[in-house]
């Protein structure tokens, strides 16, 4: 049976410590659910942390990279998809994820583009710890698809809801 | 000598009349500068209007389509690039444009993703008529790259500035 | 540690029974090596058979799909990357594979494009059971990168060689 | 009215003088028909020559580049689409061309991938000056879609036929 891929998007090099800690917890909890972590796969910020968290629970991790080699891949990624297509790969992450958690704490433009592309594809996003402006912005794009949560635990609970309703 | 491509991004089917009117004027003014209009190329909203505006001044128009045929192409587009890659084509629009005008009036998620991808690629965006939330959101992503204007005339003046500084 | 992805490319709907049988054996042997099967992921021809073969040995299977949903995904694929970019996804398969086996028996144009893209990316291909014309054609493109074999067993042995030399 | 884009694919850095001469003539003749030259856009081999030929007749030229800047763009290209997606851009060239001429003299793997992708998309290819192996290979993939010619003049005549039948 096809495994469930949970996409976790978030800042790379400019991730705050809070974003990194939340990502580690997310990875941990995703692995406990026997879901696969899907991420941008780089060895930085939220990408590194969510994969590290998943591997600490023996989870499976899948990374979709913007470049065409593994020179910047997190050591906690089990399998890498090398797209060689830069930020155009963001849309592949969105389409492939069965549920999407966006770490909005210290969010950058790459992560923001992914949240927008998800809404464009009519997929719900779970916005974790956005500031007021980001929350208002995404709710303005589509209130029904934007689910705001404050903690990794709430994010996982919401992902369960959405996956359940999707079946 | 290579022609200057000015990307105009904006809402399609849900564009407001104000957005459509501004897009027509933009197309008109871009043609008068002997620049090429670069857009998403569909026969809807800002895409249709900006190309129509350009053709009314005998400008040249180039569309980058998400699908692989011309069944939804604006009749005002001279040349179409058929990507067949859905919203992943948004990044190609961003990379190809020498200057980028984002019609933020009645902005949707596709347009928002393009503005984010531009900032991710370190390219300035000219935000035309955003609401307060959108302006704050994009300035939060990168204040230096976000240029907010109120009218098509101001957008063209800002594009000239940016193109001049870029040479 | 990152898992090894072995790409198996080959015909879909028009695959001969011989191609299907070879693909099943390949999937089986790849799983026994603890490698991951990487394929186009559809429920047809070589794609279906190689994944079925791998699952019969409890292997792990990863599919990179041309469309944006799982409506045509093989039931033997564990994880799917949904690209939504048609045949442009062929290049992602090439870049992502640590070794590439091309089932050239009853080869079609999609598979042929992947073999060409591999050579373009300077990656070796293991051509399984090509006819004389195909062998001559790919050797003409690049003799050093084209390794011709007759059986799945020889293909796996060659993959081992190439993976070993690559480390 | 939408302009007709004629794709000319062929070798870059390793193009023979004969391939370059044929490409120049093709560009020239395409411009005389008031068609637009569509190519890979780089400043090498067939790409450089076909655009130079078109500009010598004041034709319009459009290039679809694999990288994300114009550092390797031919000076004879009027407008560049910067994809930043490497060889995945080959499929965009195929989809966008109203007719496709493949300079098969001294053909390399990139050009060969484009011919295969065209057949995969069910588009006819005009193979100019292939060797016997290449002709047999592409006819083996699809005899109906493979049109072999010996000279640029024959290639243009065949393109006219195909464009006419397509309307």
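Each chain gets a letter, A, B, C and D, in the order it is written, and its residues are counted from 1.
Note that in this section contacts are C-beta pairs under 8 Å (C-beta built on N, C-alpha and C of every residue); 3 or more make two chains touch, one makes a residue touch a chain.
All values derive from a computational prediction rather than experimental measurement.
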Are the two sides of the subunit B and subunit C contact the same residues or different ones, given that same means over half of the numbers occur on both copies? same
From the options A-B, B-C or B-D, choose the one that repeats interface A-D, i.e. more than half of its residue-numbered contact pairs are shared. B-C
Sort the other chains by how far their Cα centres are from that of subunit C and give me the top one. B
Subunit A to subunit C: how many Å between their CA centres? 29
So the centre of each chain is just the mean of its C-alpha atoms; given that, what is the distance between subunit B and subunit C in Å? 40
Contacts with two or more other chains, residues of subunit D listed in rising order: 68, 83-88, 91-92, 95, 121
Should the pattern of chain-chain touching be classed as line, ring, star, complete or other? complete
Touching subunit A in the complex, subunit D uses residues 68, 83-88
Of all residues in subunit C, those that touch subunit D in their complex: 85-92, 95, 107-110, 112-113, 116-117, 119-121, 131, 133-134, 136-137, 140-142
Of all residues in subunit C, which touch subunit A in the complex? 2-3, 5, 36, 62, 64, 68, 70, 73, 75, 77-85, 91-92, 95-96, 121
